[in-house]
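These notes open a run of structures that come right after.
Same chain, two partners: chain A is paired with chain B first, then with chain C.
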Partner chain A sequence: MKIVLKRLKKRNKISYISFCIIIFLYSVAFFADFIAPYPYNKQFREYPLCPPTRIHFFDHNKNFHLRPFVYEIKLVNPALNQYEVIKNKIYPVYFFVKGEKRKILGIFTSERYLFGTKQGKIFLFGTDIHGRDIFSRILYGARISLSIGVIGVSISFVLGFLIGGISGYFGGKIDNLLMRLVEIFMMFPSFYLMLALRAVFPLNLSSFQIYILIVVILSLIGWAGLARIIRGMVLSIKEEEYVLAAKALGLSTFKIIFRHIIPNTSSYTITAITLSIPGYILGESALSLLGLGIQEPYPSWGNMLSVSVGNLRILSTAPWMLIPGFFIFLTIICFNFLGDGLRDVLDPKNW
Partner chain B sequence: MREILKLENVWVGNQEVKILRDINFEVKEREILSIVGESGCGKSLTLRTIIKLLPKNLKLLEGKIYFEEKDITEFQDMEKIRGKKIGMIFQEPSSYLNPLFTIGNQIEEAIKNGKDRKNKKDRVFKILEEMGLSKNVYYQYPHQLSGGMQQRAMIAMAIINNPYLLLADEPTTALDITTAFGIVNLLKNLVNIHNMSIIFVTHDISLASFISDKIIVMYAGIIVEKGNAELIYNNPFHPYTKKLINCLPEKYQKGERIKVIDGEVPTYKNLPKGCPFNPRCEYKIEICEKKLPEEIALENRDVRCFKYGKIMES
Partner chain C sequence: MKKYILKRLFQLIPLLIGMTFISFIIIQLSPGDYFTQLKMNPEISSETIEKMRKIFGLDKPIIVQYFYWLKNIFTFNLGESFSYHVPVSYLIKIRLKNTVSLSIFSLFLTWIIAIPLGIYGGVKEGRWIEKFLSFIAYIGISIPSFFLAMLIIFFISKTAILPLGGTTSIFYEGASYLEKFIDYLKHLLVPGIVLTLTGIGSLYRLMKNNFLEALNSPYVFTTYAKGIPTYKIYFKHALRNAINPMITIFGYELSGILSGAGLVEIITGWPGMGRLILEGVLSQDLYLVMASLLIGGILLILGNLFSDVLLALTDPRVRLK
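Here is the complex of A and B:
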């Protein structure tokens, strides 16, 4: 693992940076409770569609403040969502500021957060129609959007490995049967299959149920291609000379599969995993965009985006509503770069 | 001396082709037997028949295999024999070692008895030393070793359980002469130290005569001559063996033109009728194109050629 990272750092800067960004995004999602200044469902009715708050070091008199501060803002035209900065009200920004009591990671409670103001509001990425802080919602939404990829890919992977592995190693009738099954799944365009599968289930499910449902649907779509590729790899590795040698050493079938065949698919599979995670993130976004995904008030990057995409007025007056889209884009591109880098680095021939 | 291995009337192939035909030979305790022949004559297939790892589309059609005087032709539990009682090494060590694991790891994996990890590790160090490898090799990956070292590691893996029989499929072909001789000497020592018998496959008949007690010469899936190594090398009987030995580079004076065996090795799909060597044979007689000759037991060897059948009869 360490060696792989070292090589990645040396040979492929972009994918190494991507790796760091991904780690950063995941840890931010993990600590969302602590980093987010507000709860995801906290509505500030007096601040709908408020633009991102500016953080200043110099006040309007050009005086320098060591501690950054924000100005008080006020909604002046509710119809057009126009805000005015009130220059004589200065609220400094503090680290580890005291706020409302909240549960962290669902275990312990805390009332101190990474940053915030004692008075006034700080909306780093602005607010949405209901006056909810987009920055905080993105942090919470990251939990859903980022975990769906990992969990979904794990399920597909187990399925793909099991079915592809059995198919490839034993061959014959089993192989035939399983591959026909795979083809059935691959036959449908995945987007329609996703919609069809979603349509089977009722709409009014709890958020947790929907989350599970989405993961299951996405992995049901994803496993088939993977199974096919793993089957091919097992088929070719099975004929490799070191497998013959392992057999000549009298190793059991179990050992041969798990020590000699599966590890030798790993360079491919790790890359495949990395490259397929974006598909899951996009899948979740697509479902959410159509209102079939995670339901309000729970945020996911997809459903946050869905509010703005359908509404031209919001698009033109409150472009910060598109920030979740940027995060989707960033994550996907990072996974793709990382996947490319890993493919290069994990190939034993390149060592 | 005890008989370790015996093949009786073994035929290997499928419905379409028969590749090995009527193979008979035996290996005694502490004996080195060489199988010699051109590429494609069925040497590797013979070894794979013994250890029962034939390619999927081929099978044992007829015949019996005895190991330690027990009939193992129908034996199912080959895992108990492979690696433990019969070891095998291959021509191209680099592709027969798993690229993902260290040498130590792979040798340890081959150990069949003994659970204790520490003890296993000691055994691996001991065998590495015996193979003339340094302790470092334990921690190295296959691609970090030279061909000769890889072959030594393969041998270590094959003999770590002290098998009675080692099958060596052209273990020196991929190596340069000096490295090859190192390996050959190593194998020769194994016979004495571990009481092992070896079947050594090579296409180099002079190397075979140097290393082994007995030689088998194969041509197109049949054994054409077998017997004492020295006698065959110095005085070959079968027309094919004769040509094989006459083609050796060391038989030439400087400046002399090298002879080659005229004609081509036949393919198994359209073998000539009768003796498969007949299109290239200068002693050919009428019957050679009609019948496959039997193995004829002469004083110190068996030869499969009508020429000698005649002598016997007359």
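Here is the complex of A and C:
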């Protein structure tokens, strides 16, 4: 692991940076309770669609303040969501500021958060139509959007290994049957299949049930392609001499597949895992965007965008509502860069 | 050639049966059936429903029901939509036209842009222009289509240069055929551009790599040694060999385009199959969902068949095998 990272750093800067960004995003999601200035469901009714708060060092008299501060903002025209900055009310920004009591990671309670103001409001990315802080919601949403990729990929891979491994190792009729099944799954356009599978279940489920449901649906769509690739690899590896030796030693088929053949696919697998995570993140975002996934008030990067779909007024007056989309994009491009870098580094031909 | 196409068609039969079966299983898995919603209607007596249930074969075992359904499909009777109260096949006919025109439009644009760019990138490998193109391609691959669609809609909402949503403008009635066609194209442009921009990246990378591989092969060195002009080497020798794998990709591309189109249609308000299936899911209109799924699959199969035939036409090795 360490060697791989070192090599990545030396050979492919951009994928190393991507790796760091991914680690950063995951840790931010993990510590969302502590970093977010407000809870994800806290509604500031007097600040709907408020633009991102600017953090200043110089006040309107050009005086420098060592501690950054924000101005008081006030909604002046509710119909057009116009805000006015009140220049004589200054609220400094503090680190580890005291706020409402909140549970952190569901275990211990805390009153202090990473940053915030004692009075006034700080909305780094603005607010949505209910006056909820988008920055905080992005942090909490990251938990759902980022975890679904990893969990979905793991399930798909277990299925893919099982079916691809069996199919490639035994060959013959089993192989034929399983591969036809894979082909059938691959013949449906994935977006259509995703919606159709979603239609099987009731629309209003609890958020936990929906989370599980999305993972299951995405894995059901994703396993087929993986199974096919793994089958191909197993087909070529099973002819190797060490497999023959294992057979001669009388090892059981199960052990040969899982102890000798599958570990030999690992360098490919790591790359494939990295490159397929974006598909799951996209799948979740798409479902939530269409209102079929994670439901309000719980945030996910997808459902935070759903208000702006087909609503030109919000889209044109409050472009900051699109910020969650940038995070989806950032995550996906990082995974793509990392996957390509890993492919280079893990390929023995390049050593 | 005829024999090859027949063989391919023959191979499709088990695939089609499997697809219909899976579609059917998905209907069976969902709670309730065709009549659950009718039951809610107090105007329809329970005897009528029982009678209809018999006609549709819903009182028979599942396997028998499957054959009933299959028989209906072959006569293009895809059931009735609960929410629209019209046959599903009628709804699909309208929407299918829009999805197919959107897919073909963006597929055409993608290929016409990505292939020359790929050749250019292959020739300029290692230069800054190639690196720049590859970086842009990365962005194109990674940007979610729905997000790009929203960004473009945001841009258009500020500038109002293109119409948004639907397929026609208000003045559509009474316009001449040419005006109608131009109006349709204008509406097609927004979803079309989104799909094209998200599709170019991966195609560009594939084409570039294929072309590079061809350029580095021994027969190209031979042509250099013989003193053949560079443009002839590129277009007569390298291109022909680089383009064959792309035709196989075409089938996969179509899958991506169809899936991508579904989502982009919904975001940009283009009334196609994607919107239809979403409406079906939201109103729990199962027959509509299943029919859309099946039609989507059939479109894909046709696309793959088309690319197979195309490949056989260009590459004699395939059809002789």
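Operating definition for what follows: the second predicted complex is superposed on the first by the 332 of 351 C-alpha atoms of A that agree within 3 Å, B and C clash if a C-alpha of one lies under 4 Å from a C-alpha of the other, contacts with A are read in each partner's own complex, and residues count from 1 in each chain.
Rule of thumb we're sticking to: a contact is a pair of C-beta atoms (placed from the backbone, for glycine too) under 8 Å apart; a residue touches a chain by one contact, two chains touch by 3 or more.
For clarity, every value in this text was computed on a predicted model and none was experimentally measured.
K.L.:
Check the residue A:Pro189 against both partner chains and state whether it touches chain B (first), chain C (second), both, or neither.
P.N.:
Only chain C is touched by A:Pro189; chain B is not.
K.L.:
Can A:Ile104 be said to touch chain B (first), chain C (second), both, or neither?
P.N.:
After superposition on chain A, A:Ile104 lies in contact with neither partner.
K.L.:
Which of the two partners, first being chain B and second being chain C, lies in contact with A:Asn264: first, second, both, or neither?
P.N.:
In the superposed model, A:Asn264 contacts chain B only, not chain C.
K.L.:
Applying the touch criterion given at the start, work out whether A:Leu5 contacts chain B, chain C, both or neither, answering first, second, both or neither.
P.N.:
Neither chain B nor chain C is touched by A:Leu5.
K.L.:
Touch check for A:Pro278: first (chain B), second (chain C), both, or neither?
P.N.:
Once the two structures are laid over each other on A, A:Pro278 reaches chain C alone.
K.L.:
A:Glu240 in the overlay: touching chain B, chain C, both, or neither? Say first, second, both or neither.
P.N.:
The first partner, chain B, only.
K.L.:
Quick one: chain B or chain C, who's touching more of chain A?
P.N.:
Answer, by number of touched residues of chain A: C.
K.L.:
Does chain B (first) or chain C (second) touch A:Leu249, or do both, or does neither?
P.N.:
In the superposed model, A:Leu249 contacts chain B only, not chain C.
K.L.:
Determine where on chain A the residues touched by chain B overlap those touched by chain C, and list them.
P.N.:
Touching chain B in the first complex and chain C in the second, no residue of chain A appears in both lists.
K.L.:
Which of the residues in chain C end up touching chain A in this complex?
P.N.:
Where chain C meets chain A, its residues are 14-15, 18-19, 22-23, 26, 29-31, 138-139, 141-144, 146-147, 150-151, 153-154, 157-158, 164-165, 255, 258-260, 262-263, 266-267, 269, 273-274, 277-278, 280-282, 284, 286, 289-290, 292-293, 296-297, 299-301, 304.
K.L.:
Along chain A, where are the residues that touch chain B in the complex?
P.N.:
240-242, 244-252, 255, 259-260, 263-264, 266, 348, 351
K.L.:
Which residues of chain B touch chain A in their complex?
P.N.:
51, 53, 78-84, 87-88, 90, 92, 95-101, 109-110, 112, 143, 154, 157-158
K.L.:
Quick check on the complex: what are the chain A residues that touch chain C?
P.N.:
180-181, 183-193, 195-203, 278, 282, 285-286, 289-292, 305, 308-310, 312, 315-316, 319, 322, 325-326, 328-329, 332-333, 336-337
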